[in-house]
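Each of the two complexes below includes chain A, the first together with chain B, the second together with chain C.
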Partner chain A sequence: MPVKVVEDWLNACSGCEISILNIGDPLLDLLPNLEFVHMTALVDHKFYGQLGEKPVTEMEIPEATVGIVSGGVRNEEQKHELEQIRKHVKVLIALGSCATYGGIPAHANMWKNDEVFEKINRHCSSTTPAPDQQDLNVPPWIPTCTAVDEVVNVDIRIPGCPPHPDWIVEALTAVLNGQTSWSLPERSVCDTCPVIREQKSGGGAVKRCFENLEFNPEEGLDKMRCINEQGVLCLGPVTLAGCAGKSGVPRCIQARTPCRGCFGPIRKGARPMVDMMGSLTSVGLDPKTVVDRRAIMNRYIGGHGFLTPLPARPAR
Partner chain B sequence: MENVINIQPVTRIEGHCRVAIHLDDAGNVADTKLHIQSLRGFEKFCEGRPAEEMPRIVCHICGICPWAHHLASSKAADAVFGVTPPPAAVKLRRLMQNIAYVSDKILHFYFLAAPDFVIGPDADYSVRNVIGIVNAAPEIAKQVVHMRHLGAKLLEGFSGRAIHPTFSLPGGVSKPMTETERQAMLPSAKELLEFSKFSLKFAKENVFPKYMDAIKNIGVIRVGYLGTVAEDGALDFYDGKLRLMQPDGAYEDFSAADYLDYIGERVEPWSYQKFPYAKRWGNGEGPSMDLANPSGVYRTNALARINVVDKMATPLAQAELEEFRGAFGRPAHYTLLYHYARLIEMLQCAEQTVELLEDPEITSRDVREKIAPRAARGVGCVEAPRGTLIHDYESDGEGLIKSLNLIVGTTHNNAAMNLSVKQAASELIKGGKYDQGILNKVEMAIRAYDP
Partner chain C sequence: MSESTVCQAGVEQDAMVQNPDPLVLAFCCNWCAYTAADLAGTSRLQYPPFVRIVRFMCTGMIHPNLIIDALTKGADGVIVCGCHPGDCHYIEGNVRMKSRAEAIELMLEDFGLEPERFRLEWVGASEGVKFAHVMRDMTRQIQDLPPSPYRTD
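The block that comes next holds the complex of A and B.
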């Protein structure tokens, strides 16, 4: 008997769903074990009856063993849907960093909602200024962009932007075998990164990505110097490992670009920004010189109160 | 009391939307609306970010077409920093874009659209999906899953990430391609080309002829088109001039940097998605979503591009364009022809992937110009799978983003999708009679746009 699954995206980009498809050929072996009773991306189940006849107060989420939710929570309808999904599934999986930490869209938490709408509807250069959307069919924003576990209990978190298919398969397989928990091992990106480290840099200010890193393209990463030690900010030291799946090297480093922390903190309760500043200091760099420090170090984790509106800047 | 049919969520599309069909007392369609229900606020929260970080932030707008945002953003940031990337960097950007688009088109045609055509528009909803296709045509399904993933593996193998890339940066790209990498990618690129040829042949033999009635009826509207063409008039996904074509085929070309003179956007209270319109058409006041007289409305995405271009950039795709125009003329207005146009584009993308990998210059070591912060404005535009994608940035003296404006592919199609829904619902629902198959056909009018 296949296991019933409800899947949906909330405040999301659909990258997590594409990552499910990036399981590739093994997906065809996995599919017969899963019955998607709701999946907006691929399946035609509707919330208010297949003929659209039911009242909009009664969102219909089918009973299922597993719920998979990507995206954080941004508006009242997403919140309602999430609460309904929680009620109708046994195991809830938060898929991806938006669901786990708020993700990139939680950058919006650096402003009040009014300020965001002021810009979107009245200060975009191609837009004729207009009042904000006010219609029952357009769900209002909730106060902040939150992670899924700020609204309901979550059983399994698969972080990553996107999460690697290896972990999606592993977590789903665990659930199919009756488990109700799963998590990635607590290791840092640096623990899985083959670059050369000497625990020191040229010192001084942290450099922005104005030119490419130093490396020989004919040689592997094991011949490249650590990015932080090259003087460029890399969030590897404070980021959970796993972006390259069960094998392989961290993806952004493979692209010869620095890590920006898409798998989130290494362990619950960590303060990546504080830890990262310490890490930069330890190789002789001045962490106060990191431009746009707060946003860059909390890029994927702006839920859970990590990003909040800035206090008004003092007049210069 | 007014009777409203509420199709929610619209499925096998990307994102959150619902269709409301309002029926009058006689059970005929009085009005329809396509409500886009989500907004994230990128145009606000990118303020203050370093311009060189933008390509790896805004790619998160869309997990299906991150490469389009990644590249439009890189081009806008190139302009902000005032640099021209070296030729090999542009070729590598184009290569990644073409590979990503082949995967994207496989995804849309086979995973999202095909269930309507292969399983059938009236089939029960529980089997009308890609899993239904796996059961009905396992051999094709196996190929499809493999080929879509092959594109992703190529992107990932070379540039680290298929989804939400970091490879392209203002001034160029993060690393050159080695000869070993080039040779390793070429056979897979050729596989994608063969599969693109197969897909078009398959659809021309098994799909389009069978559904000619649906093509001639579902969602048909007569509006304008927008797309990008190279200097020689060929379809170009990465760079060129914008061409805005009126419903009768007359057109005007302009530089993407001047888009504000040609395109405006309206906010409607009932949708988070804005309504772009052609400023110089009609009364210039915004799009009219009156089916009888849809003024100011244009479409983007595959059908629009196939209509505006003088020719395709590659030989096999050009032969297909000629056949398409022979059958449907220029501009072709049937909405479901988007699927056909998409497959012709897939062929061009696959042909260009092979061409680029056979170009000796692609392995040049010179792939990035050094940049320095300055206050400037930069517009970057590419053709995303879903249409003309405009990123417009203004930076301060430290190279931080002061203000930005984005018009993304599907947004251009907002008014047109509303019109197609209205047309389809009005044609199909009469005297209060409708069933699941009819409501699915209304959704097919939306799916054609691949929103």
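The block that comes next holds the complex of A and C.
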């Protein structure tokens, strides 16, 4: 009997669903054991009946063993959808960094909802003003843009933007074998990076990721100097390893560009910004010169209170 | 003014400060600052009872996370005390702490904290008087701020 799966996207970009499709050959082995009973990205299954005949208060989510959701939660509609999914599945998987940590959209948490709405939806110079926040056809925002586990219980988290197909297979296989938990090993991107490290840099200002790195394209990565030590901000030291799947070199490093931190913190409770600032000073770089550190060092993890509007300092 | 009058002066004014009962953590390195704290004690020098000393082997091993953690879990202030530059038992632990301190000062803003809540001081092993003085000064500075926004009691 194949295991029933409900898959849905919330505040997502569809990259995570593409990653499921990207599983490739192993997907053929998995598919006979899985029955996707609902998948907004691929299956034409409506929430309120094919003709909208169901009452609008009752979202129709089929019963299933496994629920997979990508994307965080931005508005009441997504929240309702997520709560319904949680009610109808036994094991809930948060897929991708948006679902696990809030992801890129959670940058909005650096401002108050009204400020974001005014700036982006009302007064953006390059677009026409969008409907009013009070418009009944626009689902109201919830107070912050959250990760999935800030709204409902999550059993398994597969981070990454997008997550690597290898881990989706591994997590699904674990669930098929009756497990209800799975997680990536706690290692940093640096732990899996082959570049040359000397624990020091030339000092000075931290360069932005657009600046050219020094390397010989004819030579392998094991002949390139660590990106941080070249003075360019690389979030490898504070980012969970795994973006290259079960083997291989971290993806951005492969492309000879710095890690942006898409797999999120190495362990629960870590503060990547604090660790990264410490790490920059220990190779001798000037922490003052990091541009926009709060946003850049919390790039994918704005949920869970990591990004908030700055509290006003008491005036003195 | 003797040491005890200085202390009493502090107590008399307590009604006027914003945070009369602060929690101040002093992270001291074993070789200089902690020895100085010992000396302050054996010399009967007085400093406010709000200071809790935590001993580290060297300021070089105080990760920024420890300080941010302390401040975001309710400490009103953190002061790090180490050997004078050039005197570190482990050669350059204090130099490392100095550069980390810059990063910490920047990040206080990100956590909505006043810059006065964190301080780095060099206190040599024989400077018991300086240790007591620095602790009085830091406590006063923290008492003049409202209680930490992260304090839960």
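The rule is simple: the second predicted complex is superposed on the first by the 298 of 316 C-alpha atoms of A that agree within 3 Å, B and C clash if a C-alpha of one lies under 4 Å from a C-alpha of the other, contacts with A are read in each partner's own complex, and residues count from 1 in each chain.
Quick note on the criterion: a residue touches a chain if its C-beta (ideal position, glycine included) is under 8 Å from a C-beta of that chain, and two chains touch if they have at least 3 such contacts.
On a predicted model such as this, the values are computed, not experimentally measured, just so you know.
Look at chain A after the overlay: chain B and chain C fit there side by side.
Residue contacts after overlaying the shared chain place A:R271 against chain C, while chain B stays out of touching range.
With both structures placed on the common chain, the touch criterion links A:L30 to neither chain B nor chain C. Residue contacts after overlaying the shared chain place A:K288 against chain C, while chain B stays out of touching range. Working from the superposition on chain A, the chain A vertex angle toward chain B and chain C, CA centres, sits at 140° in steps of 10.
Legend: residue contacts after superposition of the two complexes on their common chain; A:L280 is shown touching chain C, with no touch to chain B.
Counting the residues of chain A touched by each of chain B and chain C gives the higher count for B. Following the chain A superposition, chain B and chain C show a smallest Cα-Cα distance of 15 angstrom.
Chain B makes touch with chain A in their complex at residues 4-9, 11-12, 14-16, 18, 20-21, 33, 35, 37-50, 52-53, 56-57, 60-64, 66, 107, 111-112, 125-126, 128-131, 134, 141-142, 145-146, 148-149, 152-153, 156, 159-167, 169, 171-172, 174-176, 178, 259-260, 263-272, 274, 276, 286, 365, 367-368, 370-373, 392, 398-400, 403, 405, 407, 434-436, 439-440. Note for the complex: chain A touches chain C at residues 271, 273-275, 277-278, 280-282, 284, 286-288, 293-294, 310-311, 313-314. Contact residues on chain C toward chain A in their complex (touch as defined above): 63-65, 68, 96, 99-100, 102-104, 106-107, 109-110, 112, 114, 145-146, 149. Residues of chain A touching chain B in their complex: 9, 11-19, 21-22, 24-25, 27-28, 31, 36, 40-48, 50-54, 56, 74-75, 77-78, 103-105, 107-108, 110-111, 115-116, 119-121, 123-128, 130-131, 133-135, 137-139, 141, 145, 161-162, 208-213, 215, 217-218, 251-257, 260, 262, 291-292, 295-296, 299.
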